[in-house]
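So, here's a batch of structures to check.
First subunit A sits with subunit B, and in the next complex the same chain sits with subunit C.
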Partner chain A sequence: MTEARPKPAAARGPRLLAALVRLPPLLWLGAFFLVPFAITLKISLSEPATAMPPYLPVLDWQGGLEGWTSFLEALHFGNYEMLASDALYRDAALSSLLLALSATGLLACIGTPLAYAMARAPARLQPLLVALLVVPFWTSFLIRVYAWIAILKPEGLLNAALLRIGLIREPLELLNTQAAVMIGLVYAYLPFMVLPLYAVTSRIDPSLREAASDLGASPTRIFWTVTLPLSLPGLVAGMLLCFIPMVGEFIIPDLLGGSDTLMLGRVLWSEFFSNRDWPLASAVAILLLVILVGPVVLFREAETRRGEAAR
Partner chain B sequence: MHAPVPPRPEPLVRIDRVSKTFGAHRAVDGVSLDLEAGSFLCLLGPSGCGKSTLLRLLAGFESPEAGRILIDGADVTGLPPHRRPVNMMFQSYALFPHMSVGRNVAYGLQGLGLGRTAIAERVADLLRLVRLEGLSERRPDRLSGGQRQRVALARALAREPRVLLLDEPLGALDRGLREETQGELRALQRRLATTFVVVTHDPAEAMTLADRIAVMDRGRLVQAGSAADLYERPESRFVAGLLGDVNLIEGRLGGGRPDGRATLETGFGALVAGAPEAALGPGEPVVAAIRPERVALLAGPGEGLQGTVTDAVFLGDRIRRQVRMRDGTLIRAASPVSADPGAGPGTEVRLAIPPEAVRVLAP
Partner chain C sequence: MTAFTRTALVLGLAFLYAPILVLVVFSFNASSLVTVWGGFSTRWYGVLLDDAPLIAAAWVSLRVALMAALVATILGTLAALALERHGRFRGRGPFTALVYAPMVMPEVITGLSLLLLFVGIGLDRGLATIVIAHATFGTGFVAVVVGARLKGLDRSLEEAAADLGAGPARVFRTVTLPLLAPAVAAGFLLAFTLSLDDLVIASFVSGPGATTLPMRLYSQVRLGVNPEINAASTLLIALVSLVVLAASRLLGRPDAAA
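Coming up: the complex of A and B.
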């Protein structure tokens, strides 16, 4: 088109409507994500104070331009320097990442065979299997994690059972260890790993496996060359769905972990509630966000690629 | 125990009283069938007749409840698919969507102890064989239906199977392409001298492709033979009706004749028939199968089966007429255009049917 023609009036109506439809989600995002994020970012650049709110500076809305400049001048990166210089935070970040990574790896190892078994179960059994995976969610998360204390404590169910069958003489020290945190993480996040994997795996055409078998591939080779590559999008989705919340997990390390379990979620909590250092806690929250941007971008990219492959 | 001396050379494939049930459904019911090396067999029948299950039993995707399958004299009944010297081309083609055309074709060649260059050469040969040179790097989803079909064929041929199984190989192609591909498939089979087993529900396709057709119905093997055998000498009403047009005329078997032929009492007169195949006695209800092109029309009055032409249709190579007999039975007669009696609707005619064209079958 070389000539710009005036748009017919009829086309403008739907256009306006489309803009209106797009508005509520944008307002929602602004009100419940962007504004709180800006506030958190601002607090992370402030100074703790024994006041209400417990940080300085606070913008003086009546102060005009002068109020703004003094407000902006008072902001600084001290909290981030603190995070960088104090080994505690670096260790917490590293150990959070490490714990989340190893739990994600363990979840992939457990979830993959589980999802495949579900996908290959008789069709009438599959809804039941999915229900068995999902039903525990109807109980409070806190209660389910709490139940693990009863299982893992020295006089708990697991130790009692092991003692009874004579496998151990002394109760094992399980509760308040890294192992307990790992067990809790794997238990709590398993459905997030299995469900996307199952969704993708169950849609793989069974004749592809038959064709591979017909072409001389052993079951092991079929898994590595056909089933796994075709279920990769589900595996990636599952791993990210588990990894991202696990890095910032608080309840599980707090209830099952010992004093040596250093995770960002716990640090965040103690800065907020024990030390009442809101600015530092906000800086930790921002740090967590920055750490997780990488995997989220990765996830988005995998989704886009899958969308392209499906076309 | 000593094995009986085989009457002829051992067949390449022997299916020996094989049965397979799914729940209460007998998909394959006591089927026995021998296959000569280098032959082209078609399993023909309506959907649900068990032909695909029989193919899957040969491939090893299903295992039979009873019976044995022997290939080259070796019992393969208990072998998994990847240990059988057969390959299958799937109805859906089942191409690996995450692999290029070349890697799809090479899949069966890995693990045979071939070097990388040997595999590459073999893949190139196979792609040339199915006329897909230059498409080695393409993904299956970037190919047309006909190209996908040929990739599936090349992939199934890669391991040089003793038997190639093809499940409705042309089912997903449109009609023009299907006819062209039928010819290609037949030529390919002759050139490779590999034994082909094709499953189809299309009688015309079976007749075009195969040396031998095995007709199945409700899990049973009904009749096996060449297309001409099945067309000229059907052993049941089902087979007679499956291949081509046929007049099925009900009647009673009359007494035997000194020349060994039978007479058939029908509502419109007596028909002289060939010797009945089945053990049918005089007086029993039977059905006579007569191909329309074997019914000759004689003009004018005289001895014979009298009728009136009710319809005449010009079909290009022949003219098909419908004749109403005196009891109301309608008989179709087809005459070549070159030898047309020229009888229009309303004309009185006599039918002349040679005895060998009248097949007497159980009703």
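Coming up: the complex of A and C.
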């Protein structure tokens, strides 16, 4: 490299480089993340058909303007009318939201003391504690949900233990209930809640708590007026990180829930795999997306704020 | 440690690990009943090794995970560099959203929409389509891990190299990349395990002949609890624990792995 490079090239060089660095992820995610959504939206406006692909109309790319107009005329909104009118889908949407909301609330109540305890543990223990939390986070989701079947089923370990200590006389019906789904959600998503919360809580300057304590505040008061407000960015990030995927959760309601546990992810799955109704499955996906747009935007803002706070 | 801290930690970790522990213990159960202890035995590991479809599925998963993690690492590292090093550009907001959104998007949506794309462009479903899908959602995770490291890097090192006359490519190769290497490796491992773990997206985008390990396990789990699955799960948990150990060693600070 020569030092005496003409100035304009030096100014243009970095900008060109920046564009080149940005381009591959932009193109890839555009092609495999954005374009698929557009296609899903289009197919949600189609009718199911017994063909391959199993939907109509199919856009004729070579048809020019005429191809487009005949395609647009054939679009129909039947799938959305069905989602709006059939109680099954309304109930599924409501119960997805309700389950995800209550599980998120429960996770906040369990995750906050846990993250707080981790941040207050001796410094040499903290890396170990984080690693202990990360292992389940990386371990197969399917396996962790599967593990609960052996515990919750009628002849399972929990019932056996309760029977033995004489707390119950007959096995409880635990598996295939809403309660089992709730346990599964809280269990599987706990690391998602605690990790961002811990990351923020552990960075709070201890002198702030000491100052509050010196001024006579009780530990409870310090928690509510100092620790909690300062860890709020982590709490918000953790809650959204749990809530968003939980609304569309499939594995947990499928393995732990009963036939009456309707969640949108499961409805989408069965419309696609069992009923082979691709257009209706697409409409469910779009509905799910519409529900989640708000939380996703909030999540991005929370992450940006958290990133700035960490600087 | 106060009593509160200790109680919270013990209860929290017990809740996280008890189900995993039960699973591991019963993988060594002589009885074929998953909930009744019949003595210690490794027979289910033997059964596992003779289960040809399961072994084949494991190979498919490993190949997919390796390739997907490789692509995700390259794309995610580039995305992190674009966001952290080439900071202000037009469309930064949408670009950030595009990188992070696949991480939180429910898997059923990602899976279905990618399948519709593959059918739309006439791409045969199989190994390649699973690799594309897994690389797509792994990219964001790699970007987060590498981005965190980039934030903490001392910029003056790169500036010093540039002042000494190194061009941007040379600065990147001889200064930035070596400093970044542990995070890049950790990002690779994260993308690898995420791919290894995925059931939902793979179920949508795979075709006949490309059955991944989670897909195979899921089809058996649906039939009920079975000690052979416990054995397979135990091996997977052991593998993942090793990977986490490696990743946290690489990063020095394990919380960056999340």
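The definition used in the following text is that the second predicted complex is superposed on the first by the 289 of 311 C-alpha atoms of A that agree within 3 Å, B and C clash if a C-alpha of one lies under 4 Å from a C-alpha of the other, contacts with A are read in each partner's own complex, and residues count from 1 in each chain.
Here, contacts are C-beta pairs under 8 Å (C-beta built on N, C-alpha and C of every residue); 3 or more make two chains touch, one makes a residue touch a chain.
The structure presented is a predicted model; accordingly, all values stated were derived computationally and were not measured.
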Touched partner set for A:L114, first subunit B, second subunit C, both or neither: second
Touching partner for A:V226 - first (subunit B), second (subunit C), both, neither: first
Partner chain in contact with A:Y198 - subunit B first, subunit C second, else both or neither: second
Which of subunit B and subunit C A:L215 touches, first, second, both or neither: first
Touched subunit A residues, subunit B compared with subunit C: C
Touching partner for A:S207 - first (subunit B), second (subunit C), both, neither: first
Touching partner for A:L167 - first (subunit B), second (subunit C), both, neither: neither
Residue ranges of subunit C in contact with subunit A within the complex: 1-2, 4-6, 8-9, 12-13, 15-17, 19-20, 22-23, 26, 34-35, 74-76, 78-79, 81-82, 85-86, 89, 95-102, 104-110, 112-114, 116-117, 119-120, 132-133, 135-136, 139, 143, 151, 165-168, 170, 190, 193, 196-197, 199-200, 203-204, 214, 217-218, 221-222, 224-225, 229, 233, 236-237, 240-241, 243-245, 248, 253-255, 257-258
Residue ranges of subunit A in contact with subunit C within the complex: 1, 3, 13-14, 17-18, 21-22, 24-26, 28-30, 32-37, 39-40, 43, 53, 110, 113-114, 116-118, 120-122, 127, 129-144, 146-151, 153, 155-157, 160, 187, 190-191, 194-196, 198-199, 202, 240-241, 244-245, 247-251, 255, 264-265, 268-269, 272-273, 278, 281-282, 285, 288-289, 292, 296, 299-300, 303-304, 307, 310-311
Residue ranges of subunit B in contact with subunit A within the complex: 59-61, 80-82, 86-88, 90, 92, 94-98, 107-108, 111-112, 155-156, 158-159
Contacting residues of subunit A [partner subunit B, same complex]: 205, 207-208, 210-218, 221, 225-226, 229-230, 309
